[in-house]
Every structure is written in structure tokens, then in C-alpha cells.
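Please go over the structures that come below.
One chain, chain A, appears in both complexes that follow, with chain B as partner in the first and chain C in the second.
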Partner chain A sequence: MTRLVRRQGWVAGLLVLFVVLLVITRLIQPGYGSGDFGSLVRAVLPYAFAVAAQTIVVIAGGIDLSVGAMMALTSVTAASMMDGASEEYALFVVPFVLAMGLVLGAVNGMLIVVTRVPDIVVTLATLFVLQGAALLVLGAPGGAVAEWLRATIIGTVPIPGLPGISAWIPKALVLLVVCLCIIWIPLKRSKLGLSIYAIGSSELAAFRSGVPVARTKIIAYALSGLFGAMGGLALTMSTGIGAPIPGPYLLASVAAVVLGGVALGGGKGGLLGPIVAVFVLRLVRTDLTLLAIDPNVTAIIEGAIMVAVVMFGAFITMRGRQ
Partner chain B sequence: MTTNPLLDATGVVKTYGAVVALRNASLSVLPGEVHALMGANGAGKSTLVKILTGAIRADAGHILIRGEARDVRSPADARRAGLLPVYQEPSLIPDLDVASNLRLTGTPVEPFRAWVRELGIPDLDIRDIARDIPLAVLRVLDLARALAVEPDVLLLDEMTAALPANLAEKVLEVVRRQGDSGRSVIFISHRFVEISALCDRATVLRDGETVGVVDIEPGVEERIVEMMLGARIEKTRVTSRQASQAASPGDSRPRLGVANLRVGTKLNDVSFDLANGEVAGVVALEGQGQDELFAALAGSIRPSGGTIEVDGQPVRFAHPADAIRAGIAYVPGDRTEALTMQRSVRENIALPFSAALRNWGPINMRQEGSRVVSAIERLQIDTRAQREVQRLSGGNQQKVTIARWIAAEAQTVLCFDPTRGIDVGTKQEIYKLLRELADQGKSVLFYTSELEEVQRVCDRVIVIFGGRVVDVFPVELADEPALMRAAYGLPRGAKEDVGILADIHSSPVAKP
Partner chain C sequence: MSISAIQPVPFGRRLKRFMADRPLIPLIILLVMLVVILQVLRPGIVNERWLANTVKFAIPLAILAGCQTMTMLTGGIDLSVGTVATMSAFIMATQVVNHDPAVAILIALVPAVLIGLVNGIGVGVFRVHPLIMTLGTSLIGTGCLQVYQRTVIASGAKIPPFLAWLGTGLTYGVPNALLLFVPIAVLIVFTLNRTGFGRLLYAVGDNEGAARLSGVRYWQVITALYVISSVLAGITGLLYIGLIKAPSLSLAEPLVLPSVAAAVIGGTSIFGGRGGYTGTIIGALILTVLTTLLTILQMPEGARRILFGLIVLFVTAAYLRIIEDR
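And then the complex of A and B:
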């Protein structure tokens, strides 16, 4: 029991925090209902994929600064390919864009492994390259998206006989959970997943345990690229167009990773924590907007909350050690 | 013997740039034997181990496993070839639990549990995170993990070093039985007691070369020491000095008094005094607690027991700044630990006194300048490249680390292998400098891994083995063979017939 609390306590705490925030939201805005929750999830969707992309690399002991640019490039690629094309063509576009993310991520990983240039430098360079590429594909926001793709994140999942509950299950949430689970659960249970944790925890010990360090690192970055492409697609799906200039996804992803209990040094944490954390961060923003607080002050408060929560976490950990 | 060797490495060469780590090493291990690999510090043991286990690649040489040439490119390859190492540092992934660590290496759980129990740890919970497990237990788990896959050749690097006696005893017992069941063990140890109790043969390395393979029999340890020293044992003691009449008779109070000092599991019980005007040498094999001793005296780690007195006053250092304030300066062997490499010589020398916590306000540049210049002149530091310390030669860098403490007027200097990797000329200057410091009434504690330095510099030698002071030599007796024997924990003046082999039955570690 104590073991479970110790391992999952952080995530549980974040979930409690999220519920408390939902209650606060209801208090501020008594009309806050399932529809608003649905739009919250739709707003979170691209962020959540960015966070997933960052999480997997950070667990492997690295960092990926190109997350936002990757989303921008995949988003504009998808939007410009689908512009004026048939609905069925999107069936080809989606796997194409996902594969593109996977390959570009793998290139990131290979550059880091082969050149031995620090990951922060390599991915910073990739950030510029991908950003430039995105602007080449689409100079200004534009393009289009297949209607059926848009429909996959709008509305709720109907559960027969339980309209009350089903109103609180937006399709976007289901899509997010399915996409993350399809990759994360098999990964977590495989030796590859263990290897990713291993190289993040101690590269030397992993090498000595027979883990193929270079290959594992490349795969981690490739999966990060895949999640980034999902984020790009989600962005296009929710806005209906492709935007070559990415939003604040990079910094948001690092913030959620930290808040989600993943050690920036690597080797520790999971995917659930950062995902819940990104919901918390977005909901805080919603609440502050509802309270009509100056957006600049909002940013200050968000930063303060992050520092406070992480310090609190460190404090709890130290208390637990004694 | 007619059996073919299980592992046969010949002519192994490895160079790092201009440095030759292995010149011509060979190692041949028969099935069912426990084979000791011995050599003084820097003889190339760890390089050979890394090559055999695929951590690094040899430049030349043949490695045959069961008579077949195998190209071991990675630890994973070595595992597949049936060669499993247990390194000195634990290799469990710190953030994973034990069960996940087993899964990662494909180790079967039940045999692992059985070995863990066998090795004297009855209550292991394999869901524990490796980071939360004590070091000694981790090492045993490493061994159990290796044993569980039943390797043909098990390679143990200083396996018993960090273990308490009861665990060490179990480990030795298990290793011996490993040999009986037809598997081989390569056993690296500095402890003759263990080697004589456990091993069948020993391969001795010196300066990257295999200089002999001997059967372990009573009296062999003298031969092994001779082999490890090579020609050096014959060298006459031309450089021998008389101990200086250091401390003036009236001043009997030691500058530094260390009593029963303990640090973690590495340093167990060390007591000695350091007088004013004395250079005391510290001699120890690698990892016998000397690092911890110096770190504790320099205030960078806190001792877990014992007392340190400075000029008769008990002190407790919470921070290196406390030690510096007490006049104790630390010169580490690794110069990058001490210097700010991108900054100038002047700033590096001035750092300790200009950055002293109590001096707020602007630095008095004129005063700083004159102190720095006098220190540079005294040490004859080549200042042509003085704007960045990293552009100086290693010897000049080391002089800068010493110069700063002369400029800061430290009363006591702790030198940890200060001549490592620097040229002969600069070495001589550093010896001279240390003597000069002593002549001015300052005291120096000098750890060195090069035994011949001892008689050039020291007044007295403290030998540490297994975290304890095992002997204190006056300099006249401290020739290399004597120091080497003492460093290996052999009693002074031991003859062949009263050697360590003769009394293994009374030794607690060697008991079967």
C-alpha cells in the first residue's frame, strides 16, 4: 500500500488538484457544464500530445526543443495536403504525417547519437530547421481538413441509457486516451520501455546491463516525433487549418513534464502525471480568465504555481526519505 | 593439464592517444578454476577487464572463448558469449525496481532469489527501487544476478571491497563453489588473504604487460609482489633522505590531529597526527578510503565518526570554507576539480582569498596583484598563456593549484596525488616545493600512487588498507617493496613461512 502511494502519490495528488479546480470553476461560473469541459479537452488536445512527446524523451534522459516546430510542420503538411482533396484522401494523409513525425524524430535521435552534440543543441537546431520548413510549406495559416477528421473530436461519445454521464465524455478525450494508450501501454510493458527508463536513469549502468543505448535513444526520439505529429494533426483537426507558427507548446510541454513528476534528469515518472498536469495548467488558465484577471498577471500566477508545486513535491520527497 | 582454456586472451594492446594502457597483456583461464588477476595501480587490470567484457575495444590481440575467436563488441555480446562481469560500482539501474532490472537483463527470477538467499540476504523485496538499497546489498544483488544466468566465466572486480565481513564470507564461499562446479571465475582483488584462500592461479600484470602466471601455493605472495614491482625492487635507495628534524622540541602540539575517523563504509578507523613542518605521506591501493579521508579533512564530506583537531582545537567542517578558514587547503589530483579552466591564472590564484566570504565590497586589486605575482614567481609558473588556465600544460596547471594556497597562506596543504600525469621536471619542482613548505613550518599531507615519490618527499608514511591505518613507516624504511607489501596488508617483515598463506586458517575472511 505504501509502495503504491509512493509511486502513484504524485499522480493522485494531481488528480485531486484537478477535481478541486473543477469545483472551483463551478463556484466561479455556476453555468460551467459539460459543453465547457468538452472545449477544455479540445483546447488541451494538442498540448497533451506535445507533453507526451516531451515526456518520453525526458524519461530517456534527454530533452526535445523541437516539439513545437514538429507540430507546426506536421500541421501545415496535413492541412495543405488535404486542401481541396477528397475526404478519402485524408485516410492517406494521416498515416503519412505520422510516419513523417516518426522519421524526423528518429533523425533527431540519430544526430544526437552519431555527432555526440548535446541533445539541447541538436534539437534547438532542428527547431529552426523544422520551423523554416513549415513556413516553406505554408507561408500563412491556411489549408483545410477533412470533415470526418474534424468530427472525431467534436461532440461526445453517446452511451445508451446514460445521457448524463456521456455528456461528460467528449470524443476528443477518448481520442487522446486511445492514441496515448496504443503506444504507451505496450511500450511500458516491453523491454524497450524498460530500456528507455534505464538509459535515462544511468547510461553507464544501462550499457553494462546490455542495453543498446544508442538504438534506444533513437527510438525514444522517434516516438517523440510520432507524438509530435499526433499533436500537429490534433492542431489541424481542432482549428480546421494549418498554422506554420507554433503556439507556446514547447515551454508548456516542459512545464507539464516537471509538474507531472517526471525528473528532468531522466529515468523517473510516467505519462499519466504530465497529461494530468497539462489539464491542471489549462484549467488554471481558464479559471483565471473567468475571474477576469489580466492575462499578464495570469502568466505570473501560472509560473508561481509551478514553482510552488514542484517545491512542495521536493519537500514531500525529502520528508519521506527521513 | 590437458584441458583447453575456456577463455584465452593473448597479445592484447590498448592505447589512448600517446598513453599505453596495455602493452602486451594475456590471460588464460581454465575451466573450473578461480583465477586471480593482479597488478599494482595503473598496471592495466581494469582496461583488460573492460576489453574482455566488451565495454571498450582492443587495438590488437586475440580473444578466444572455448577455442573460438569471438569479437566481443558490447556487454551484450559478452553476455551471449557466457562472460559476465560484476563491476566495482553497482550496475543495477537506480530508478528501476529489482524486478525490472532482472527483466531488463533477461535474468530468471527464481534462481536469482535462490542466490540472493544463498548469499546471506534472506528478506529482499524485489519490488524495492535499486536507489533505496544499501550499497553492500546492491553489490551482492549484482553478483546474484550474474550467477542466476549461470555464466561460463564470471568476472569479479574487487567484489568484496565494500562488503561487511559476514557478506564477504558468503560471497567467497559461493565463488569457491562456482569453481568446483566446472565454471571459471576471474577474481580481481588486492587482498592476498582472499586470493590465497580462493584462487588456483594468478596472472600478474605490470605496466600493461603480463609478467607472470603463478600457481597459488604457500609463500607465493612474495613472488607476486616481486613481479608486480619488477626491476624496481632491485633499485638502490639513492634518493633516500633522512627525516628532517621537523617539529621543534617545544612545540609538541600537532597541527592536525585525527582520531578514529570514520566515513561511511570506506574509512573505518583512522588516527594520526600531522606536525608542523612535516610532510606525511599516505600510501594506499586504490579505493582503500584515502579519497574519503582527504575529502573529510578538506570539509567536503562529513565524517560519520571520530574527531579532527586543528592546533589542539576540535573542529567540525560543514563546508570546505570552514577547512580553508582553519588553514587547511586541498589540492586534488584531478586539476579540473580545483581550477576554473576558462579564467586567468591570476583569478585562479586569487580565488580563495579574494572570494573569502567576509570580504564584501570591491577587491583590492593592487594587494591581490602583488600576492599573485609573488606566488607565480615562487613557483616559476610559465605565464605565457595566462589568460586561460586551460591552455597551460598539466604541470603548470598543477602549480597554479598549489600557488593559490601559498598566496592564501594556508598552514596545512593536503595534496592528493598532485604529480599524476605531469612531466618529470615539474614533478621535481613540486617535490622541492613541498619540502620548502615544510621547512617554513607548514605541514603537508601527501597521498601518492607512485611509491618512489615517498622517499623523495616524506618524513613519515602512513599506510592505509581497507579503511584502516595498517602501518606507519619512518622514511628510512619506506622503500618500494616494503610499501608495496604494507599496502597489500601484508605484515612488515613477513617471511615466506610466516606469510599470509600460513595463517589463513586463523583469518576470519578465509574461513570456508
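And then the complex of A and C:
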């Protein structure tokens, strides 16, 4: 038990922080209820997928600067394909866009492996490419989304007999958990997942132990692309349109990954920490808005929190090592 | 081994080895090629005025890329340069309304020093990853700037004539900005190649543990480095506002990612320990000419970005092949 706490200490701390923040929210705004929680989850949804995309690449020892651009491209593709199309057509659009993300992510990985250019430079270049492609698909925000897709993230999951609890389980949360678990849990338990941690920890050691480094890296980036595409779809689903200029998803994803206890060097951490971290970050923003604080001051506070927490984390690891 | 060795080396190998020994040559060839393509596409465009314009727009990029080069030599990166440049430009333009230009410039450089100090302490003392640290401080800086903007909205902004002269003026066809850039460039090259501080940067980036064991005070080197980088970024902001002449809250932001690209194209390793500033300058020139080229082709904005990304990737990959293949 103590070992579990020590290993998951960071995540547990984040969860406590989240609960404390919820209590604070309740104190600030006594009327804060299930409906507000639902809108928080809907706002978090695209961020959470961006964070998942970043997490998997960072664990593999890389970094993906093209997350935001990937989301923009998949979002505008989905929105422009569904524009004026029938409801059933969306059944085809969703897998298509997900496959597109997977392929584009794999291309990212292949470029890194083949050219031997550092990850940060390759994904910087693909950031420009994907952003350009998004602008070509849709020059200005527009498009549409199928009604049933919108409905999948609005409202709550009905549990018969327990209306009190079911009000606190928004559909968006279920969608998020399902999408993440379907990919993450089998991955974490497979040889592939171990290989991803191995190449992040030490590429040379992994290579010498017989891990196919190039293939693992490509798969890690492909999965990141898949999460990115989910993020793009989530974006289209929640706004109803596609926007070719991405929001601040890159910065938010890197921040949440670090806050979530994933080392930027790679090989450490899990998916749960970053996801909780992104909830914490969004809730802080909600609280600051509820306190009627100037949104610009909010940006300062967010940045300060990010820097302070990361410094604190680094300080703790330093003390632990001595 | 002289060239007249008994075993005749094939010409291709010899050429490659020659280029690997002098990494600047392939870069210069690429730059000349781009200019030639430009001239072929639009005959007569390459003239004195075009040259002066290109240099004028390359200089801010080259100074920011100098910040990246120095931080990248230690294995870091400074993504706050865009925010710092914007802050100093905006603060100068609004303070100059009430103050003497010299005082306004001094006031404008204070946040630059502060941000550099915070970056340096975060990276050097607390060992935060430079990417996170500089992203975080740039977020804070942008927020502060937005709040600040609210307080000066009534007073308006203006650009002191001598900054406009420095940014856009020409003397005998030579951009005045070179007056600022040449000393900075010489100073950076001299610092990196001939001073103890420069050696320490290479040493820290090459092998931090070894540098530490040889008695290098890591945190002092890093703190000094990030402060220098921020001050340079602040000066760039002052120069850039003289060139653009329209203060805005995202003035220098579009230069950040190209500045990283310029340093990488110039042959500085993002993992530290290898590279230099002369390559970076040529990298900045290449990117500027490339932007002109893509603008002249009159492509849609999307296609231009795609090509820009692809070319940056291709050039970096090709260049790494050339210098690594020894």
C-alpha cells in the first residue's frame, strides 16, 4: 500500500488538489452544480485529448509540437466533410478522420526516424505543414457537424434508480474515459507499451536489449496522431464548426504533461496524471472566472502556477536524489 | 593526408568531405541558389533595394536566432524571446510618450532582464526543463503585457524617430540596422569562440556532468546566459518596432519558431555542445529569402506554410547528413 502511494504519490496529490479546488469552487459559487461540472468536462475534452497525444510521445522520449495543428487539421476536415451531408455520412467521417490522424502521426514518426533530425525540429516543420493544410481545407472557421455527434457529449448518462449520481456523470466524461482506456490500457499491458517506456528511458539501452526502436517510435507518434484526431473531433463536436487556427493546445498540453508527473526526458509517468492535471488547470481557470478576475490576470496566474509547480516538482526530485 | 595521396579519392567523396570540414559552404551555396531561383522567377528583382530590404528583415530574426544558438549550445532553448521582444517594444512605444527616449528604453529593458533572470534561475538552480520554463515565463509575460496595455490605453503610442531611422533607414544604400547588428554579431562570435564564458557554454552543453566536476558553477553560467539572451531579445524588439512601426501585443511572436529553425539550419545541435553563430546568420538569411520567394509565387497562405515547413525539414535533414558523414 505504501509503495502504491509512493509510486502514485504525484497523481494522488493532484487528485487531492482537484477535490480541494472543487470544494473551493463550491464555496465561491454555492450554486455550482452538476450542470456546471458537465460544461467543465466539455471544455476539458479537447484539451484532454491533446494532453494524451503529448503524453505518449513524451514518454517515448520525444516531444510533439504539432499537436495543435493536428487537431486543427482533423477538426476542419471533419467539419467540412459533414457540412451539408446526411446524418449517416458522419458514420464514415469519424473513422476516416481518426485514420487520417493515425497516418499523419506515423508520418511524423517516420520523418524523425528516417531523417535523424531531432523530434522538436521535425514536429516544428510538420506544425507548419499541418497548419497550412488546415488553411487549405477551410480558409475561415466554418463547416457543420452531425446532430447525433453533438448529442454524444451533451447531457448526462442516465443510471436507472440513481438520478442523484447520474447527474454528475456527463456523457463527455464517459466518452473521454472510454476513448482513453480503449487505447491506453491494452497498450500499457502489452510489450509495445513497455517498449515505448524503454526507448524513452534510454534509446541505446533499449536498442541493445532488442527493442525495435524505429518501429516503436513510429507507433508512438501514430498513436499520438490518433489522440490528436480525437481531439480535433472533440473540438468540432463541442463548437459545431471547424477552425483552421488552433487554440492554445500545444502550450496547455506540454504544461499538463509536466504537471502530471511525466518527465520531459521520457520513460517516466502515466496517462492518469496529465489528465487529472488538465482538469486541475481548467478548474483553476473556472474559479478565477467565477471570482470575476480579469481574464488577462488569469493568464498570469496560470503561467505562474505552471512555473511554480514545475519548480517545486524539480526541487522535490532533487531533494530525493541527495 | 594531402589531396595528392596515392589512393585517388573519388571526387564525390572528396567534395563531401570538403563540405563536412567547412559546414558553412553548403549553406552559402543554398542561399545563392535561392537568390538565383528568385532572379529567374522574377527577372530584375534582385537589385540594391531588394538586398537592403532582405537584410533589414533578416536582422531581427538573426538576433533572436542568436539567442537560440547560445541557449541551444547548452542543451536548452529560449521560447520566451518573442514575448520579451514584444514587451520591450510595446513598453518603449508607450513610455516614450511621457518620458525621454533613453529613459523609455531603459524602462523597456527591465522586464527583459527580469524574465531572463527568472528563466536562468528556473533552469540553472531548480533544473526545470528550459522548454517549460521559457514557455511559462512567456505566458506570464504576455498576461502582464495585456494588463499593462489596459493602463496605457489612453496615452497612445509613438515610435522615436531614431528607432525608425535604425529600423528602416538606409545610408548610401546600406541598412542602418547593420550599425546595431554588426557589433552584436561580432560580440556573439567573439564570446563563443574566444572567451572563457563561450567555452563554458560549449562545455556545459557537451557534457554537463564533466563540466560540473571540472569546477564549472553551472547555475551561474546558465543564469548569465538566459539574462543575456533576454536582453538581446529586448533589443531586437526595439529594433523590430522601428522596422514594423505598429506596436501590437503579438509583434515578435511570429519570429519565435523561425528563430529556432534558423539556428538549426545553421548547424547548431539542439542537444547542445555543437554549432556556432555564423551558420545561424546564414540560416536567418536563407529563411528570409525563402519567405520572399514563397510570397512572390503568390500561393495561398496554406500552401506557403506547407512549403515552408517542408523546406525547413528538408534543409535540416540534408545538412545533418552532410556534416555528420565524416
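We adopt the following convention: the second predicted complex is superposed on the first by the 313 of 322 C-alpha atoms of A that agree within 3 Å, B and C clash if a C-alpha of one lies under 4 Å from a C-alpha of the other, contacts with A are read in each partner's own complex, and residues count from 1 in each chain.
Please note the rule applied: contacts are C-beta pairs under 8 Å (C-beta built on N, C-alpha and C of every residue); 3 or more make two chains touch, one makes a residue touch a chain.
Keep in mind the model is a prediction, meaning the values are calculated, not measured.
**Student:** Using the superposition on chain A, decide if chain B and chain C clash or fit.
**Tutor:** clash
**Student:** Which holds for A:Ser195: it touches chain B only (first), chain C only (second), both, or neither?
**Tutor:** In the superposition, A:Ser195 contacts chain B only.
**Student:** Which touches a greater number of chain A residues, chain B or chain C?
**Tutor:** Touching more residues of chain A than the other partner does is C.
**Student:** Which partner chains sit in contact with A:Lys268 here, chain B, chain C, both or neither? Use first/second/both/neither.
**Tutor:** In the superposition, A:Lys268 touches chain B alone.
**Student:** Quick check on the superposed pair: does A:Ala134 touch chain B, chain C, both, or neither? Answer first, second, both or neither.
**Tutor:** A:Ala134 sits against chain C, while chain B stays out of touch.
**Student:** After superposition on the shared chain, which partner residues are touched by A:Leu251: those of chain B (first), chain C (second), both, or neither?
**Tutor:** In the superposition, A:Leu251 touches chain C alone.
**Student:** First (chain B), second (chain C), both or neither: which does A:Gly210 touch?
**Tutor:** A:Gly210 sits against chain B, while chain C stays out of touch.
**Student:** Touching A:Asp294 in the superposition: chain B (first), chain C (second), both, neither?
**Tutor:** A:Asp294: touches chain C, not chain B.
**Student:** Looking at A:Val174, would you say it contacts chain B, chain C, both, or neither? Reply first, second, both or neither.
**Tutor:** Touch partners of A:Val174: none, neither chain B nor chain C.
**Student:** Looking at A:Leu187 after the superposition, I want to know if it touches chain B, chain C, both of them or none. Which is it: first, second, both, neither?
**Tutor:** neither
**Student:** Pick out the stretch of chain C that clashes with chain B after the overlay, from 62-70, 188-196 or 314-322.
**Tutor:** Of the stretches 62-70, 188-196 or 314-322 of chain C, only 188-196 runs into chain B after superposition.
**Student:** Counting contacts the way the document defines them, which residues of chain A are shared by the two interfaces, the one with chain B and the one with chain C?
**Tutor:** The answer is that chain A has no such residue.
**Student:** How about chain A: which of its residues touch chain B in the complex?
**Tutor:** These residues of chain A touch chain B: 3, 191, 194-195, 197-198, 200-202, 204-212, 267-268.
**Student:** Spell out the part of chain B that touches chain A in their complex, as residue ranges.
**Tutor:** Residue list for chain B touching chain A: 55, 74-76, 79, 85, 87, 90-96, 100-101, 103-106, 127.
**Student:** Write out the stretch or stretches of chain C touching chain A in their complex.
**Tutor:** Listed in rising order, the residues are 77, 118, 122, 126-129, 131-133, 135-140, 142-144, 146-147, 150, 257, 260-261, 264, 270-271, 300-310, 312-313, 316-317, 320, 324.
**Student:** Per the contact definition, I'd like the list of chain A residues that touch chain C in the complex.
**Tutor:** Within the complex, chain A contacts chain C at residues 63, 111, 115-118, 120-122, 124-129, 131-137, 139, 251, 254-255, 258, 264, 294, 296-304, 306-307, 310-311, 314-315, 318.
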